[in-house]
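Heads up, there are several structures right after this.
Here chain A shows up in two complexes: once beside chain B, once beside chain C.
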Partner chain A sequence: MSVAPRAATSAADLGLSDRRRSRGLRAGIRDNVTPYLLLLPTIAVLVGVLAWPLYWLGRISFEHFGLEELIAHKGTWTGLDNYREILGNREFWHIVLRTVVFTVVNVGLTMLFSTLIALLLVRMGRFMRVALLVGLVWVWATPVVVAITIWQWMVDFQFGVFNWAITKLHIANLVHYNWFDNSLTGFAVITAVVVWGAIPFAAITIYAGLSQVPQELVEAAEVDGARPWQVFRRVTFPLVKPIFVIITSLSIIWDFQVFNQVWIMLENRPSPDYYLLSVFAFVSSFRVSQYGLGAAISVVMVLLMLSVSFVYVRQMIQISEVDQ
Partner chain B sequence: MNLRYVVAAALAVAVAAGAPTAGARTDGADAAKATTLTVWLMTDAQGPDWAAVVSAANRAFEAAHPDANVKVEIQTWGDHLTKLDAALAGGRAPDVIELGNTETTKYMAAGALANITSSKARFPNNKTWLKALTGSCTYQARLFCVPYYAGARAVIYRKDHYGAVGMRKAPTTLDQFVSYGKKVMARHKGDSNYSALYFPGKYWYAGMAFVYDYGGAIARFKKGKWVGTLNSPQAIAGLTKLKATVRALSRANRSGTEANQWTVFSQGHVGADIANGWEWGLISDPKIGDPALAPVLGAFPMPSHKKGKFMPTFLGGSDLAIPASSSNRALAVDWIRAYTATPMMRQLTSAAGVIPNTTSLVGINASKPTLAPFARAATSSWFVPTAPNWVNVENAQVLQNMLAEIFTGRRTIKSAADRASAQITQILNSR
Partner chain C sequence: MTAIALRMRRSFDLKNRRNRQRLIANTIGLFILVFMIFPVYWMVATAFKPPRDILRFDPKWIPSPFTLDNFDDAVHRPYFWDNVKNSVIIVGVVVVLSLVVGFLAALAIARFSFYGRRAFIVVIIGVQMIPATALIIPLYILLARANQVDRLTGVIITYLTFVLPFTVWTLRGFIMGIPRDLEEAAMVDGCTRFGAFMRILLPLIAPGLVATSVFAFVLAWNEFIFAYVLLSSQEHQTLTVWLASFTTSRGTAYGPLMAAATLTSLPVVIFFALVQRKVAFGLTAGAVRG
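Take a look at the complex of A and B:
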């Protein structure tokens, strides 16, 4: 529904002279071309930074591509060999499962805490709300590498303030307790960092959505005797559902490909217990120079992510259609 | 309803936040004025004594080539190969690179390094180069790099701490050393950070020495195929002894690495560590260490479990190579000649404490109490399997992860060794 056809129709409806009508038509064609011309730079950029690398990724995933091929800029076609090797590798499926569980936990915690904080923001007084928002934006503004390094120091096995505080408070004796010795506690720390970093965006967006909910609807429900939980579930949530859908799908996409938090936290040397799909793909490519294998892992990862987010994207499109 | 705008704004912000921040890349705009020779050296060359040698070599080189200037870029061992691969793929590799002697084979086999056989006669001391390093530079009878320096590890210890429990001279067996260490631990039981032998979990150069001491090996070549052998009875015996030793004497991070262990040593909570010769100077360096420690430091070769023998030490070292894609090959050869010239190597040997690249200079350190133990340790050594793919085992952290699993108890020694052996077999035999 671009503006141009509508303008043309209205010109016709007004019963203007032939000459003026033809000029209007020409203007219509010009108006039809202009949007595409304006899109060209964007398309060129997208092809350059997205389509071209994706083409290479796909191509390399069907090739034997090691150091020799990297230097020669030329791989050898091996068909589905890389995919067969990955899909037949039991460790790969462990990593897929680990990545899925990691994503579910992280997205769940992100959504839970963000919603709670957003609800809190709605109910707060002006001063506290600004204070909390500033705090959230601060977290958001912290560069991820800096944030991870600070967390790493805080949970350091020897000098970390976290172990020190827990020990001083007599909650537990964490002297020389290494969180990363065990991948379960290690992932707990990584999850904390990921969720901590994801909350600001999600919470502020949900808060923005909540502040759009008409107060009359909430009041009407309360007059009818609805409890707070019922108000949220039956009135507020359905109204801001599109926001939840989009934040959830974005979180899934982000958390499915978490890399920095694992890689930097574990000093560029994560043990296999810490491999997520992204880390596995990186190690296969850049650590052992099996770029074909690494590319195939990335392709599988993209496909998995697409299938997961497809549901959400479809729902999103439906919502936007309804909304219009 | 305004919800649509909120969604749109959220998406816009998400896209903006997700956009990668492009790193500025400075192009060689000054190339027209003079030729810039880019040299990648490792972090070790940052120490004050070492850096002095590098600048002396640069001055000598630039005096001979007024139209060229040298740009030395310091790399870290953890990621220099990743960077090198990226540079090779992008066709912007440096002109000279330092490679560890376990890293060269893969690059020689892949054709990444320039064949410098015809220039061999022009390099200083080429007839007396250390055999082990020359071997790591030779592939199919052609020369692809120049030996740079070697290093052997020995025990650096606090004479005051170990002297207090009655250790007057170097222990002659591993058990004797461990029993002294246990006494030192007992004397420092008030210090919960104290290690009688600081041994971070992923210190595989030192860890594998135990395997070789008990007659084991990382991998062996059998019937045309590499086989990981860390689960052999000998290797298991070595790993068992290693775990007991580390558990008894070390409170270092069981999943940590030996990077910067000299800094930890200089903080006073360490009785001994297994270190390269040049770390002695770093521990007592006024800037990054503690000069007060200089008089109480001592060193001895790590004793074997067999009386009177030394535990084999990893014969590490570095080579200097020229990537095949370098357009300044002649200049690069000249720079390497300047840097490995006899006066430079002599200074590097005596001041920085390395084992020089030529046997003609090995005698320099024999009379020095700070360096002689390392030279003696080098008489009994082990080296990694000479498979072209070996460095991939290092890069995949197979041994580091196995050791961390053993020390933390995440896996039993047998199960960790089985898994590592299988991985090594797979990596060494892959194309």
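Take a look at the complex of A and C:
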């Protein structure tokens, strides 16, 4: 789902269009039954496909649930055993650390490049701006599985265009270099795929925010002798801060659960030094059939993300309240 | 120099600086464009090259001679058309279901005030944060119990977990973009609530519905992990799973692989190109208000 809701936060949702706050709106129609009737189908679906499975996720995490239990449709209650097992496992803490570092690096790079691109977009001529926006949207529209396949081909150890370019530029001799032999360079490629795919959404959204900043404010500051960095820090940034909070927290949430890029890139069998939390949960459940263990890992993962999710949801609510 | 003269001088310098900035920004922008778009170009270029131009150390930048053999090879691989069909069925049903169900809910949260509205919004935003790798574990177990593993219905149900909250939230944005005054005016002029909805809201929301359905299409079309876990037999898989298993089963046949990747991304790119205009239209339509 990493790429999934990327389109969700369009400029309109972020409240970038200057919506008029009309008093009559919320006070408008009062009706007791209709809204609940309208919600009923959605609530029914959400309970069925989300609430019920989530209850099961929690329940299985306290059970021994392997292949036998899957066939018998019934787990054996083991209390906190699953949690004890993973929290007492040093390998698990390595994976947590790896996931955190991976997230920090990916979010950092995504935000850095996206902000720079957004700042450039504001300063470009019209033609170049449209060209770059079209290019970004194109990258945005590339399905993640396709993106992974392309990068696999570009870093192919024999005929990859990457190895050729780096060798030709005399940066390093990468003839017949396999990037995935070493998990550090392997993760460099995975980071490239993730960041490349994440830049368009972040850059376009930040650009939409920046273009709403009144030009007079910037000019006034410049005429008063503010340096470009000062203008950004004191004028532009405070105005687009809500968007930064949203994009950063969304990126953290998405990058913390990266799965496809690792799994498909390493052809469905990543070695343990490529495990991120989501991969570990997946392998525990669907490779070694320890569903209880996998569920416990997932629960820990959700708990770790909870504070970031909280920041994100709160910011979204605040912005959506402004809309009304 | 007096303060005023100093300011005028600065203002003049600023104009010069702007022009210089634009030149620099355009140049860097061009580099970024080339770097960002190169992977996509490389996919398409490779797809049209004959094998001897693909498997060489010194890359050939432009596909000449030009060949369609890779596409021919890709579409004649086993299960390609089966999997295209599965993707279309799954995505079609999911989009229609979540659009109809989601529209009603979006209407409720955008147009009514009621007890529990905020809680519902929190849930709708919150559930989009749940990792797919976490959800698939209980979903798999529950669907296995109901005998829905390796069936399209099971996948359709799981896709609703992320497409439905998305459509509710996006449609809410579009509905709120349409001024309520319009409906109220119609009601003052004697329309019923339902009449105002049919004559005013529905025509205005049409571009938003199109845009949302296309975004929902893209979400469902690109999904990998649910289909990968739930659909075990090859004839039941979706196109993304087919593409992901391409390398593992065939080694490095990069020409056909890139042709297949091009074909997989084609509908998404086309729909995205369409929707960009619709979204812009939807937004401007929302901006022209009373």
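What we mean here is this: the second predicted complex is superposed on the first by the 277 of 324 C-alpha atoms of A that agree within 3 Å, B and C clash if a C-alpha of one lies under 4 Å from a C-alpha of the other, contacts with A are read in each partner's own complex, and residues count from 1 in each chain.
The working rule: contacts are C-beta pairs under 8 Å (C-beta built on N, C-alpha and C of every residue); 3 or more make two chains touch, one makes a residue touch a chain.
The structure presented is a predicted model; accordingly, all values stated were derived computationally and were not measured.
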Most chain A residues touched (candidates chain B, chain C): C
Contacts of A:Ile247 with chain B and chain C, given as first, second, both or neither: first
Partner chain in contact with A:Phe180 - chain B first, chain C second, else both or neither: first
Which superposed partner A:Met111 touches (first chain B, second chain C, both, neither): neither
Contacts of A:Ala198 with chain B and chain C, given as first, second, both or neither: neither
Partner chain in contact with A:Leu70 - chain B first, chain C second, else both or neither: both
Which superposed partner A:Phe286 touches (first chain B, second chain C, both, neither): both
Touched partner set for A:Val262, first chain B, second chain C, both or neither: neither
First (chain B), second (chain C), both or neither touched by A:Gly209: first
Partner chain(s) touched by A:Ala141 [first = chain B, second = chain C, both, neither]: second
Interface residues of chain A shared between complexes with chain B and chain C: 70, 73, 158, 175, 267-268, 286, 320, 323
In the complex, chain A residues that touch chain C: 1-5, 7-8, 10-13, 17, 19-20, 22, 24-32, 34-36, 38-39, 41-43, 45-46, 48-50, 52-57, 60, 65, 70, 73, 117, 120-121, 123-125, 128-129, 131-132, 135-154, 156, 158-159, 161, 164, 175, 196, 199-200, 219, 222-223, 225, 253, 256-257, 259-260, 263-264, 267-268, 278-279, 281-282, 285-286, 291, 294-295, 298-299, 301-302, 305, 309, 312-313, 316-317, 320, 323-324
Touch list for chain C against partner chain A, complex: 7, 10-11, 14, 21-22, 24-26, 28-30, 32-33, 36-37, 39-40, 42-43, 46, 54-59, 101-102, 104-105, 107-109, 111-114, 117-118, 120-123, 125-142, 144-145, 157-158, 160-162, 164-166, 168-170, 173-174, 176-177, 179-181, 184, 215, 218-219, 221-225, 229, 240, 243-248, 252, 254, 257-258, 261, 264-265, 268-269, 272-273, 276, 279, 282-283, 286-287, 289
Interfacial residue positions of chain A with respect to chain B in the complex: 64, 66-68, 70-73, 157-158, 175-176, 178, 180-182, 201, 205, 208-209, 212, 239-240, 242-243, 246-247, 250, 254, 267-269, 271-273, 283, 286-290, 320, 323
Chain A contact footprint on chain B (complex, rising order): 1-4, 6-7, 9-11, 13-14, 17-18, 78-79, 82, 85, 88-89, 106-107, 109-112, 192-193, 202, 251, 253-257, 324-325, 392, 395-397, 400-401, 404-405, 408, 410, 427, 430-431
